[in-house]
Amino acid sequence: MSLTEKLSFECDYTTGAHPEILKKLTETNIESLPGYGADRYCESAKEKIRNLCNNDVEVFFLVGGTQTNSIVIASLLNSYEGVIAADTGHVSVHEAGAIEYTGHKVLTLPHHDGKIMPTELSAYMDNFYNDENHEHMVFPGMVYISHPTENGTLYTKNELKQISDICRMYDIPLFLDGARLGYGLMSRNTDVTLPDIAELCDVFYIGGTKVGALCGEVVVFKKSATPKHFMTTVKQHGALLAKGRLLGVQFDTLFTDNLYFEISRHAIEMAEFLKTVLKEKGYHFAWESFTNQQFVILENKQMEKLKEKVRFSFWEKYDNSHTVVRFATSWSTKKEDIEKLKTIL
Amino acid sequence: MSLTEKLSFECDYTTGAHPEILKKLTETNIESLPGYGADRYCESAKEKIRNLCNNDVEVFFLVGGTQTNSIVIASLLNSYEGVIAADTGHVSVHEAGAIEYTGHKVLTLPHHDGKIMPTELSAYMDNFYNDENHEHMVFPGMVYISHPTENGTLYTKNELKQISDICRMYDIPLFLDGARLGYGLMSRNTDVTLPDIAELCDVFYIGGTKVGALCGEVVVFKKSATPKHFMTTVKQHGALLAKGRLLGVQFDTLFTDNLYFEISRHAIEMAEFLKTVLKEKGYHFAWESFTNQQFVILENKQMEKLKEKVRFSFWEKYDNSHTVVRFATSWSTKKEDIEKLKTIL
Amino acid sequence: MSLTEKLSFECDYTTGAHPEILKKLTETNIESLPGYGADRYCESAKEKIRNLCNNDVEVFFLVGGTQTNSIVIASLLNSYEGVIAADTGHVSVHEAGAIEYTGHKVLTLPHHDGKIMPTELSAYMDNFYNDENHEHMVFPGMVYISHPTENGTLYTKNELKQISDICRMYDIPLFLDGARLGYGLMSRNTDVTLPDIAELCDVFYIGGTKVGALCGEVVVFKKSATPKHFMTTVKQHGALLAKGRLLGVQFDTLFTDNLYFEISRHAIEMAEFLKTVLKEKGYHFAWESFTNQQFVILENKQMEKLKEKVRFSFWEKYDNSHTVVRFATSWSTKKEDIEKLKTIL
Amino acid sequence: MSLTEKLSFECDYTTGAHPEILKKLTETNIESLPGYGADRYCESAKEKIRNLCNNDVEVFFLVGGTQTNSIVIASLLNSYEGVIAADTGHVSVHEAGAIEYTGHKVLTLPHHDGKIMPTELSAYMDNFYNDENHEHMVFPGMVYISHPTENGTLYTKNELKQISDICRMYDIPLFLDGARLGYGLMSRNTDVTLPDIAELCDVFYIGGTKVGALCGEVVVFKKSATPKHFMTTVKQHGALLAKGRLLGVQFDTLFTDNLYFEISRHAIEMAEFLKTVLKEKGYHFAWESFTNQQFVILENKQMEKLKEKVRFSFWEKYDNSHTVVRFATSWSTKKEDIEKLKTIL
């Protein structure tokens, strides 16, 4: 980084892939492999992930997050059903209508620091079936949660269990968007493990793009919930890579020697250090996050000044003179950058 | 390649990326870049491609071929319109209904070695508008051709011009699927150049996946034909990469120092060599191809025997005792492999 | 009505068509007429409606309300756009996801007795275009309002004008759902006329099903806003009647000798009488309505008792011991039924 | 009919409804009935139809033919599936892409006088599953046939049985489009009964629009094949009538005292008389039809002359000097009109 370059905390996908991934892509490059995910690296990666999940699951690789959300949701809903999500959920706001494009409504619940509340979910389901006009309405056919949420928060195991129980009571699948799952699992403040998720959800994904890969997300279906001919559905959505190895090699690398978790732990450590630095400097947080995204309240003039040397993201207006901004860490965040930041703050 | 490994001619995407691409991905890996295609490598690649096209065009990057076909077609058709294509066209047969998934019918014309004929296109348009019931039918709203076709054949400049003229007469866009465009442009038997295509088509794509990239296709719209908010449409289809650099760096490399064309030329040379070898050995071709795919008629027992040492693709049944199979070359095909093949045939 | 039959106020579509309509259907029944709306009755009805609108408009007939909403909205939105509506709007809640089925999101604004507020609409548009991430979000491509609203309330001419101005500033169409338009136009408390609506909206519909027809809605597009090949779009949605005369004859009858307005006026008179009776009896209204639907707060036990003799609709819970219910009048409501109701209350 | 009016044989929906239907609509008009098909006339009609089918079926009412085809097909297919149909099938050609609008491809088989051949269907299924690339293709998920076909021809019971057996072998539903089913059942040349159809198909519809109703089609699902929440799907497609009585009363009338079959028989008698007249006059038929549509080869000049006094439909070009035209009869065809025609021919 040149001396004049800004410090970069705006998101967790500003740098490329973890170097191990590029190394492995280069090493395996000349091998002649079958296309469309039938190669040995895909198979090896899937095997490792199935073992980590410790449940009877099926594993697929997709390229990006919005793609994963829209394909998974469309493949599991009946045409007369919609998906329940927090009103701040990625599928509700920032996917350009990808869910609706597949013909399904996003049914929103109010968020609580990014999370939905089991009691409110339960009430929604109850009210729906008690409404004598419900046959004229969109059936709630699935629940979507993100973990960590868009706000960096995490469900407790107990909350997950309650949501899962409600879904099972109504016989609808629970889908967990894990675009940043590594950061959730490595958080110092969570009691949720990967096998817990594999047990409590019907489908979830383990994000690669935001956790050290060039691209790629791992979709994990409970075996009993796997849609028929899912590969054909993936193809129909234009999401099947000819050179499936690009995903296979990446995830095989990430799930060798705990790399995925090491990357995530590093980002968490950097986020905790950043939090400490910010707190020491007297900054306030919009809400508490134990993952790799930190949400800080800045006074507007201070924010403009800071922008000259640091990149961070606008999150939302706090009041007329303050703004909530997001700082994110990743596999490539360096301790020295946070130390530099400290001198600037 | 171990001595026991089979020779690989089954398709043009069995190996990874051209080594220059991996080198460049590695070199640029640590740079902090903006997401979603707003990085300097995307911009540089676009500039190079615009210059090569020598027309007023807009350039976008997508990940794969079916994705590109379905997004481009959906973004240009009105809801009451369908796309005309050869009955052997990729969109007609091998995309798992991706076009129909976006709500549009593929209207087929009979193919002639993979190509549609201008006279038959013209007659189709004529008949449609003369049919007094045409308001109860799908309007032909676009023409799709592949170049090279799925059969490895090429349109002449004159044929392209005629098809383009018909499209303009009816005011519908002409879309050229260039999944293997490099091989078409570098064929020894073509009078069609990239600027010709940019001039005669309203939109086309320059394939990366099958021409040396890990993934990626370059969509080129005539400026006047570019759909409004195309990036939002790309997002809505789940096709917008967060780390857009993956495409930017690859295409910036491919369009530096003519690499894309050198790769393609190499594959053509290998295909011509392969053709010579096969002809010398007395093999017959199902039809003549001047691109990187060669279609050979094999007697069935001979085919089974050959399969033990060589990988090629089943194409179609020829008669009860013969089969048409496909041999393909690519950036990674080695002359020595064809020489080995010669000893096996 | 037998002595034991309940009084019917549950909605405005419990009886068949106004007798004049059945008479005319019977009189014209044996005539041999062209199909798909090309008959003389459709033409005559359209001419009458165009004249009433006093603007340069195009008129189409559809069968039902949800059908009309979904076809009109789908025919005017680009794929990356959604429709803004009140959160109580029919398209938001009670159409089983018909809008989403066509691929579009319903973007909701909070309702105020069923209406959206111009200031809130304006703020929504503003915020959208100021959001730096708006290209990742659904573009607001249309505004949907109902008049009368689902709550029986009416926009003032000034409110309509303000909403229309905002739409024109952003160059998006304004669509008015007039499922009960007759009751709006004949209300004693409105300054909005049919030509006003034709002037201020880009498209609207004049409801037939709920205003005395067996079925049918009149779609009126500003000529400049009429979608190309709308009839083909109607066919594609399965909404084109072979015997288009069924709609032509009905609307030709309704728009002869002011029948549509007479029917509506009668329902309004009955609603006003009903309102007076209820007020005299000490009932309270959830909000004030000047159209054919009245929303009354009933104590729950009283409600159960009343149900034994009168049919009305559940609207919503008011508090733990009270419920809001709806009484509706129509062309067939008889003064004597309200007088009977008076004796029961 | 005035002396100057042309004789009308152009289709079977030029006149209104059978007079009994209008009479019953008028008699029941003032009754206050629940909406959306929950009225006693719908229930009574359904009961009569269930009894006629003599199988365990569920009955629904829809408004028109294209609507019925698109809703039934969409409700039964998985998203990765398409529907097999004759290339002349209504869904293939004349529904403005209504099937594709719901996301599904129509997979065509060559027609034989409008019919598909069991052997060709069987070969199609076989080839599909033997194709090693079939996961990249649209799965054949349903078979659509029309009976009578668009060409007026009929399947034999044996053919139906064979097609049904193939469908059951592959576990995909068989759907019979009976837009003109009455004419098929009353043909003098059929061995197929309504219970046969209910037994051999998974879903079919009994056409009303073309058999004496103002509008309306009866959808009959095998109970085990009935889609969940079909009414919500109907609503989502904009096809649920608020005044469902319009369909209930019509079908209750048509299925009282055999009226549906009497109407159909009358049309068949008129068609047979017409056939005799045409044959006597030396006309040739394009193919033989035993239903209410007759396809006659006319010399072009003769055709132009005849057009001055008679209305018929263009069907297709026969050769440079001849045209195939269609004559259709219906409930309202009068013997005297055919006698008049005889004097004109």
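All chains are identified by letter, namely A, B, C and D, in their written order; residue positions are counted from 1 within each chain.
Rule of thumb we're sticking to: a contact is a pair of C-beta atoms (placed from the backbone, for glycine too) under 8 Å apart; a residue touches a chain by one contact, two chains touch by 3 or more.
Computed from a predicted structure; not experimentally measured.
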| item | value |
| --- | --- |
| Neighbouring chains common to chain A and chain B, by label | C, D |
| Contact-richer chain pair (by C-beta pairs counted) among A-C and B-C | A-C |
| Chain A-chain C separation of Cα centroids, rounded to whole Å | 42 |
| Centre-of-Cα separation between chain D and chain C, whole angstrom | 33 |
| Cα-centroid distance, chain B relative to chain C, in whole angstrom | 50 |
| Numbers and ranges of chain B residues touching at least 2 other chains | 79-80, 95-97, 101, 103, 135-137, 232-233, 235-236, 240 |
| Residues on chain C engaged by chain D in the complex (per definition of touch) | 1, 5, 8, 11, 13-17, 19, 22, 25-26, 28-35, 63-71, 95-98, 101, 209-210, 214-215, 232-233, 235-243, 245-246, 311, 332 |
| Contact set on chain C toward chain A in their complex | 79-80, 82, 93-97, 100-106, 132-133, 135-138, 314 |
| Contacting residues of chain C [partner chain B, same complex] | 74-75, 78-80, 103, 135-137, 139, 228-229, 231-233, 235-236, 240 |
